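In the two assemblies presented below, subunit A is common to both, partnered first by subunit B and then by subunit C.
This part shows the complex of A and B:
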């Protein structure tokens, strides 16, 4: 009895340490974004002035809009292409299919630094150069494997007889896909989309390589701002990003859990 | 409604011949069972008729129209799958409505037809439920309603009762038969359960290794099997092997068995005789033949009491024979007892060795 209680206590303490390790820096940063002192000085004095001045920072706001725009477009493109690719990989057997599927994983593992360099060289070579369009292309390429992996995982739980049943009732390929297959894989499609959004919105390395001074994304802009000199505005904008990202990830977890249940 | 003609259909998957020159005529309005062990090609044949897969050669006609290259969605068939394959994201009514809806029928028509189909399978009140809220038997009925609501030309059932427990299965057999009679649709039914095939169908086709072994009404296949396989796969049979004598066989030990059923065979060729266990009389008195021409002496090695009948296993010249005796209150024989078996030539089928 005694030992169980001690072990339980130790377990709780361990989880507390783990969560503290994960969240303490973030919490301190969030708190400091509401502190009057720009130099992390205590005592804590509440203010929203850094959020107010953030609102005046046109460069940061422009970069934020760029980031959102690119993330949304990346999500749409990679969800459509990725879902179509997953369906093709699920339905059809063709030469080199296994090879093609295996090729989907390395881009996830290759360091972004290297992918970014390769993209920069390639885009210059083919004349696309740098800028928002280049960033968008790069983000779609990065996000696509995530969508395909997540949607394919969901498709593995789909019973192929459902498509056969729909066909036996007279449904053509498009009707089968829209009315039977897509509703089933929708949690996977949404989870894949959230992944794509996160990959794009949080992307720094590849964006950094492909951005130009006028056309940049939020993470790149933050990095540039820190190099010029740290201001509590960065705490403020980081806090906003953290809240948005965590909300997205919680949503993903929720949908992906549903993916495993049914 | 329409009949289905399968003519000389073959289908191979790599080196494996799943169907080998199969021809069957499914009469309009009939209830047909395709029976065979797993790997016999019965499901492959059903999928050819459905249009999920196309034959390498041969012809398939539905209502006289060649369909062997027509995809499933254009064949106007109804199919019930082994695990029901109900759409989990739709209500029961939407499941049943699916076929009418993809055809672009009017909403009012769909609602009427769906209700009629659900009433037919006695699920009229469950339209709003989701498939996961239904029992196995109810799901089965929904699958059936969904398959027949579009008024298909032929109804195909792939082991539809396989997932149900025994009591429910018997109920569904009767129910399925009633519905089939009511709408008079040509029905082809794949099963590996011989009892199901016997009780439900007008005709049975037995398949083995991609070939049609025998087909005909259940009584005919049961009473006049043309091969040892047909005799033992559909029901139980005692098989004796020997040399043909013209109207029977001679066993290796010299005993002759007279057969009244089956083609006459030239004397001397290898042949077998099949006798159903319930056709054999068993007696303790060594002289009792009950007037039957075929008699054998043996010894009871085991008795299994099943309430309404008993099965005796009788050892005779290294062979174990099976005898089923109705429970009439007497004739309870002990294990180890010497017995006399007797049966008539009319209960004996002569089969050419394959």
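This part shows the complex of A and C:
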């Protein structure tokens, strides 16, 4: 039918517009990071000067290392603890299980502004204070629910008979987990880990409230720089971050179907 | 699994506990205790750790209700949340429909990934990227002046529309995602049946498609509205002086004014508002699950 085809064409065009809206600012920012003019003036002249000057910025480099370290440690801890919890929630029935599952919801749903300020108050109150350790504590807590949700989703596709078969063949609980269950849920575990890394590496709000001048992360440092004034250096480091985090999510998508189809 | 009865339940908990305890202890220490502590502090005159004398007070909450500033800002933030959510519905729902019902196969998968990819990239950086576009002499200004025969000045930076644009850009993928999930679950034969029984496209949309995808719309709206009401970084960067909202006032209490008890009270009021909204949305969400 004619109208159907016209409507479908319009639909495709509309999606194209949406993608333009989503990506143009990012592309422009990336281009400006290669532009000579420090005031983002056109015409465009190519330079890598701003990337080179990033290497001279010790503060930024230190913050980048902090961000990477915290993201890696957050990933390791939250994957181990989260996978264990998912297995327990999958295998056993007990009173209060529904409640425990519901408890995963608030950390995801409550705005980070509230969680972050609450952590600041509490950590200060019990003597943990601010700094990198506090940021790590917070990041793991933010990442855990995501890991548990993703791994649990993968466990839904696992046939419990497989565990029973292994058990009846004489495998003990640890062997069953290591040889049967874990290999099956590995894509979910990896996806959960990548989620955890992204939650931590891109986390701004919670880190912002828990950071101190010497102990800070890359997003917090960038926010401070933006508030001082825009510079092409911020564009350069922002471009690097966005490339890294998008690459990370493409990797995640390989292991975990977002659409939930198939 | 055929585990039933109270006895079995108790043994289930005993086996589950070692696996569960570390994760939930961590969540308790880093999320649930802090939230409780926040409530506690919001009733104090000063932090007990600062060495200064402190006592219990309702003063922080009295401040909220007696000074119209805070209530005005909360309303401004709620309005901001509503506007951003509406724009996300208007922009995101048609896109989700095209993805779910028009595109097929690999191109659908690829475009779906492209739409939700920015969502998982750094939010702060994406907000900052709009500064390049919106400011005077920025890309939008230059591009429009190159096309239009007359001279206009586009300087949206540091304005309310800039904040809206930035937030919609940040959150619209959420709406596409949740609506797509419910839309693609709608059986095409239902739509065809409606059409063959003589319903117009509009009627099918109104009577079949929108009602069936309601859970996705509500889920998306809740997931967008809640964080937008608590946003502070986006209004600060794109709104400048006009970007004072409830979230930025809370931020100020913690990083500039250092009135933590008042900040805690304001945070707790926001939490209460958020919980009410989620409670209202949850029956629809449960039906979807």
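Assume the second predicted complex is superposed on the first by the 253 of 262 C-alpha atoms of A that agree within 3 Å, B and C clash if a C-alpha of one lies under 4 Å from a C-alpha of the other, contacts with A are read in each partner's own complex, and residues count from 1 in each chain.
To be clear about the criterion, a contact is a pair of C-beta atoms (placed from the backbone, for glycine too) under 8 Å apart; a residue touches a chain by one contact, two chains touch by 3 or more.
No experiment lies behind these values; they were computed from the predicted model shown.
Chemist: Please determine, from the superposition on subunit A, whether subunit B and subunit C clash or fit.
Modeler: In the superposition, subunit B and subunit C stay clear of each other.
Chemist: Using the touch definition from the top, say if A:36 reaches subunit B (first), subunit C (second), both or neither.
Modeler: neither
Chemist: One more residue to check, A:20. First (subunit B), second (subunit C), both or neither?
Modeler: neither
Chemist: Quick one: classify A:52 as touching subunit B (first), subunit C (second), both or neither.
Modeler: Once the two structures are laid over each other on A, A:52 reaches no partner at all.
Chemist: If you count the residues of subunit A that each partner touches, which comes out higher, subunit B or subunit C?
Modeler: C
Chemist: Looking at A:6 after the superposition, I want to know if it touches subunit B, subunit C, both of them or none. Which is it: first, second, both, neither?
Modeler: It touches nothing on subunit B or subunit C.
Chemist: Touching A:166, do we find subunit B (first), subunit C (second), both, or neither?
Modeler: In the superposition, A:166 contacts subunit B only.
Chemist: For A:82 in the superposed arrangement: first (subunit B), second (subunit C), both or neither?
Modeler: A:82 contacts subunit C only, not subunit B.
Chemist: Once the two complexes are aligned on their shared chain, state how close subunit B comes to subunit C by Cα atoms, in whole Å.
Modeler: 6
Chemist: Output the subunit A positions appearing in both contact lists, the one against subunit B and the one against subunit C.
Modeler: The answer is that subunit A has no such residue.
Chemist: Within the complex, which stretch of subunit C touches subunit A?
Modeler: 1, 3-4, 6, 8-10, 12-13, 15-17, 19-20, 22-24, 26-27, 29-35, 37-38, 41, 47-49, 91, 94-95, 97-99, 102-103, 109, 111-118, 120-126, 128-133, 137-139, 142, 169, 172-173, 176-177, 180-181, 184, 223, 226-227, 229-233, 236-237, 247, 250-251, 254-255, 260, 263-264, 267, 270-271, 274, 278
Chemist: Any idea which subunit A residues touch subunit C in the complex?
Modeler: Contact set of subunit A toward subunit C: 8, 11-12, 14-15, 18-19, 21-26, 28-29, 32, 40-42, 81-82, 84-85, 87-89, 91-96, 100, 103, 106-107, 109-115, 117-125, 137-138, 140-141, 144-145, 148, 160, 198, 202, 204-205, 208-209, 219, 222-223, 226-227, 230, 234-235, 238, 241-242, 245-246, 248-250, 252-253, 258-261.
Chemist: How about subunit A: which of its residues touch subunit B in the complex?
Modeler: On the subunit A side, the touching residues are 159, 161-162, 164-172, 175, 179-180, 183-184, 262.
Chemist: Which residues of subunit B touch subunit A in the complex?
Modeler: It is residues 50, 52, 71-74, 76-79, 81-83, 85-89, 98-99, 102-103, 146-147, 150, 156 of subunit B that touch subunit A.
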